[in-house]
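Since the structure comes first, as structure tokens, the remarks are kept for the end.
For reference, chains read A, B, C, D, E and F in written order, and residue numbers begin at 1 within each chain.
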Amino acid sequence: MRIKIIIPNASKEFLASQIEERRRAARHGVDLDVICLSEGPVSLESGVDEALIGLALLTEVRKAEQEGYDAVVIDAATDPGGRAVREFADIPVTTGLESALLYALSLGDKISVVTSLENSARLIKDRIRTYELQSRVASIRFANVPVLDLGHPARTVKEILKEARRAIDEDGADVIVLGNTGMSTVARMLQEHLEVPVVDPAVAALTLATALVQMGLSHSRRCYLPPPEKDVLGEAFKDWEF
Amino acid sequence: MRIKIIIPNASKEFLASQIEERRRAARHGVDLDVICLSEGPVSLESGVDEALIGLALLTEVRKAEQEGYDAVVIDAATDPGGRAVREFADIPVTTGLESALLYALSLGDKISVVTSLENSARLIKDRIRTYELQSRVASIRFANVPVLDLGHPARTVKEILKEARRAIDEDGADVIVLGNTGMSTVARMLQEHLEVPVVDPAVAALTLATALVQMGLSHSRRCYLPPPEKDVLGEAFKDWEF
Amino acid sequence: MRIKIIIPNASKEFLASQIEERRRAARHGVDLDVICLSEGPVSLESGVDEALIGLALLTEVRKAEQEGYDAVVIDAATDPGGRAVREFADIPVTTGLESALLYALSLGDKISVVTSLENSARLIKDRIRTYELQSRVASIRFANVPVLDLGHPARTVKEILKEARRAIDEDGADVIVLGNTGMSTVARMLQEHLEVPVVDPAVAALTLATALVQMGLSHSRRCYLPPPEKDVLGEAFKDWEF
Amino acid sequence: MRIKIIIPNASKEFLASQIEERRRAARHGVDLDVICLSEGPVSLESGVDEALIGLALLTEVRKAEQEGYDAVVIDAATDPGGRAVREFADIPVTTGLESALLYALSLGDKISVVTSLENSARLIKDRIRTYELQSRVASIRFANVPVLDLGHPARTVKEILKEARRAIDEDGADVIVLGNTGMSTVARMLQEHLEVPVVDPAVAALTLATALVQMGLSHSRRCYLPPPEKDVLGEAFKDWEF
Amino acid sequence: MRIKIIIPNASKEFLASQIEERRRAARHGVDLDVICLSEGPVSLESGVDEALIGLALLTEVRKAEQEGYDAVVIDAATDPGGRAVREFADIPVTTGLESALLYALSLGDKISVVTSLENSARLIKDRIRTYELQSRVASIRFANVPVLDLGHPARTVKEILKEARRAIDEDGADVIVLGNTGMSTVARMLQEHLEVPVVDPAVAALTLATALVQMGLSHSRRCYLPPPEKDVLGEAFKDWEF
Amino acid sequence: MRIKIIIPNASKEFLASQIEERRRAARHGVDLDVICLSEGPVSLESGVDEALIGLALLTEVRKAEQEGYDAVVIDAATDPGGRAVREFADIPVTTGLESALLYALSLGDKISVVTSLENSARLIKDRIRTYELQSRVASIRFANVPVLDLGHPARTVKEILKEARRAIDEDGADVIVLGNTGMSTVARMLQEHLEVPVVDPAVAALTLATALVQMGLSHSRRCYLPPPEKDVLGEAFKDWEF
């Protein structure tokens, strides 16, 4: 099984810091490639950031399908490009937040998401409403830690842990979902300190992609209809062909 | 009061067909400019289409704010770019679907949206879940009429009317919201045939923008936080400065 | 455009204190008349108060329609008489709470209503359930200030402001809706102190009425059916004719 | 135990037709009085009808409490005056729809209400939203039978039965709640024809009042606060003293 | 009317302590028998406890129906065996939590349940979701008092009272439902200290059973279908015959 | 990784027919054992059936944990014993319906469950309410095929297919979840006929168990608290020790 992980930002440093973690999370028999975008913001923390990556993300998804991958992972915890990438692809596409929430649903009644910034928290709230999972989410908390610092777990884990504890003690969380990919080290440190399950969205998205391929399932084309063909004008779209 | 209407596609023909309708809908004292995007798809009917317009739409919103407009209308009924454009702007930004739904909420218990294509209907469903207005929406129907034909009302109105009638008779709709902008003529013809109110999203978005300016209100910056500054790499973003 | 504002209590002093505010809120070209009821409670703060104004309110709405007004505003933030007045009238009828909520929905995810008394807060909660907007309402708070003191903003604004701040900081409100009409001065003072939008229900109801007339829309007669004709017995109803 | 049933319309004929039915429904040991209003509409079928009975209904509730009754039943299936009468009274007050729904909740998952007219169906929908019981209600149907014909069960039962069958077969109703009081004969005939429980709101409201008195319970004064004292102006209110 | 109360645990001491309370709660004319199970856990505080009583509980319900009782009460506040016992019986079956919630719904907007242990609180949360009554429940609190101590009200009432006060002051509860049967003395003491209604599930379940028999109603067989006949293997089921 | 699948009925024939299917669904590296209960009903189709298996199911789960398995699958699509088995075990426990729903959530907006009998459909409805996933479920349909016939796919698939088609065409299902385990052949045949994904609960539960072990996750002990120790009386429980 061949899976392509697309980190939807343009930071090659972040990419380099993540490859080993993803290989560690892959189960035996999964052939993995991890890339990032060739252009766009160096991190994904706002609606503006997400609005800027549309073309590059769709281009990479198309390429992955053409290259014969069995599934694509959009490796971000705010689930950018959800409907568009599934309209566009026949192979399964998974994203960090949705995957983590689905596994978390099986582990306890109430889930709290803890993320780095309030901007990201707002994006996550939007997604949870789109998924209609509000009643299972106890809270969405943020720790005021910029995404690009997330590679330095010593600094980050303390702040995240504080919010996770409040989620458990004050909000009634049974399960913690991390609201960022690129936090696998943080996730493991958190799990050592917390008595509830901690779900890492990067791991969850890869695991879900693997499971869907294993089960022979992909997203419903009744839900994600292929887009109507049409002219797309402008220099930026000169290589675009649908 | 100066309002800029941004039609978020790249069809100058569609733009030309709409300007007179928007002026007709503007109340006395509103100084109106209507533009479309310089690049991108020629119509907006899918998640893919929406994913492609991010940069162009944000660029136009920034320009409108710099030019001193009091409000911006994103003239589309699938509400593309919602969070991003509001993170980015201090002036009020309205969109077709949300505006039409809010006015419709004041007119009856249950609303049905009737749009052109199933692809658009799926986008509208996503938005309604994001707005958490599902319980007030009786149904979302589509008539299988491509958007670019919407200028030919004779052909379109019959199909739309059929779905609107089913919304009223079978789904219990008290109010009809049209699920496309560029249908103002259709809207008027529908209203002649239907005994329930018909809300035109193009008219609603302009009216809401006008009302917000009049009341001195704009979107909450607690909800739509300014995005963190960061590097955005690539040729396409060379003029980008946040 | 001619709009009649009906303040649904019998206090001529309150009426006198409000006329200037309403004229200030009306946009150019709106011909405005503001009245109160000839009998009934001098303020509206409870279900009992609301139950006592039925006949007088319906009588005034009918009179307004006969006099040729284009719309009627029921100028109160607990939305008394909602269904009855719309069964009874063909012209648009707007009310303070519903209008303010609808505009607020366009400005942020979560709304808090801050009103004067707990009695009013309970009425507002009932209405929000009827409108099925609970999921968008963060909280309904009250400041223990009697309605008839609301003309003295120095005394009132401090208490209201305290509750509005708690709504923002503790309840997560993105937008504040005032839970009383007759607070326009308070609303402006609050807006100076708060970083989130503050919606005045008196202004919102007038603005919505204006917008509906402008768009040629009125409430759905499928939802608000004309009442069946029937005998109404008793001296109090001797002038009643439906 | 002494219970007063207030039929909230002004039809002495309807009153006369109901007394025997209520006595039949009362359990041993309940001392029952049944009255109607001295003025107002002769039947209750619309929001307008309900708006007209406020003063008369509150007057009767106050009188009942002063006379020492242990509970009051508002004998109507659209639950008029709900909050006001409970603000006003310390003794338990029950109403037809709410009582019937609560008993029905214990009998099956999904409830359908079948009432006489579409106007009443709309009032019932409003109430069910106020009670936040939408998810347990499969449908609200109406049979186009005027309330005042309900005494003639031969004519009525056929139409009601047809709608009840559709509620069961098409809407998935497990339990039928009749949406009118004054239908006890109809209820019994229906029960003979239907394999699911049929709940009569007149019987339910009396049974609930009896149960609350038996358990020593009345409505929460935290929820239904006593109304603030105030001047009530006008001839109609000259005897009003709170 | 003959009603059988089944306390679904195997503690004869607990049974002995409850009989007098149940007789006190029964209205005149109700012929009452109170039993407990012959085997199983001595108290019911967890999902495990509930999973162990299936056979014994069904056996007692069948026996009660064969003995000609008019209704059965499952005297526990976590509503064990709900669907199974109703599939199995034609006579009405009531349970503590559901009965208490339904009466509480008629008394105020928001209900809090206060129970003994967190384990029980979790079971109660599951049930409330099954009943789809979440939006009417303000909170479910527990006081860390083992069930078998509940007979000693002096020790228990203080802890329960503390949680009930927090439910009212912090969670906005209008009505308190006790989350244990076997607390009737506690319930009365609580009611003396609290200004909101306190509903005892043991009393409520008996009162509801009585009311259903009085109204001639039992659970819907459309909802609770008789189970398909089949072989049940094993020594434990040798007397089982359906 | 060692996983034990417990089929929670006592039919050795059914067990024999399923072992090969489960091995086929297991991914490489999973060491699988499949058992059924030693006593109890031969199939699981009703609440009564489920109530009878409590002791046997808990006994098998405890045994599996003692034997060192990494996870347990309760191989049934009505998710019997959910809370109890998780209170009891530290290793992950998955069930058919919940697992299938979670994977289905990732594949489309609306899910329909198609099961064999109306009795099972009712159990499934109860579970979906407990999981608070109603808004994502389009319908729950049944085909009137007894469970024990499910091994004969030629007879079964036609009826199931008919209901699945109606779910897609009439109810708007994007994804089909089969509402029985023991249908893997049926699932594959269905998938050949349907253009939407078909999720087999037996495969989903095994895949989820595998994924949880792989990610090092198990259910939250904050949600599923260990049960209080206590006496369990009676011959049937003589070997019971918690």
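Criterion: a contact is a pair of C-beta atoms (placed from the backbone, for glycine too) under 8 Å apart; a residue touches a chain by one contact, two chains touch by 3 or more.
Note that the structure is a prediction, hence the values are computed from the model and not measured.
Colleague: Report which interface contains more C-beta contacts, comparing B-C against C-D.
Modeller: By the number of C-beta pairs in contact, the winner is C-D.
Colleague: Taking each chain's centre as the mean of its CA atoms, which one is farthest from the centre of chain E?
Modeller: B
Colleague: Which integer distance in Å separates the CA centroid of chain A from that of chain C?
Modeller: The computed centroid separation for chain A versus chain C comes out at 45 Å.
Colleague: How many angstrom lie between the centres of chain C and chain D, each centre taken as the mean Cα position?
Modeller: Inter-chain centre distance comes to 29 Å.
Colleague: What are the residue numbers in chain C that touch two or more other chains?
Modeller: Residues 109, 122, 132, 134-135, 223-224.
Colleague: Applying the document's contact rule, which stretches of chain E touch chain D when the two form their complex?
Modeller: It is residues 25, 27-29, 94, 98-99, 102-103, 105-110, 131-132, 135-136, 168, 173-175, 191, 195-197, 199-200, 203-204, 207-208, 210-212, 214-224 of chain E that touch chain D.
Colleague: Which residues of chain F touch chain E in the complex?
Modeller: Contacts found on chain F: 10, 38-43, 45-58, 81-84, 86-88, 117-119, 122-123, 126, 129-130, 132, 134, 146, 223-225, 227-228, 230-237, 240, 242.
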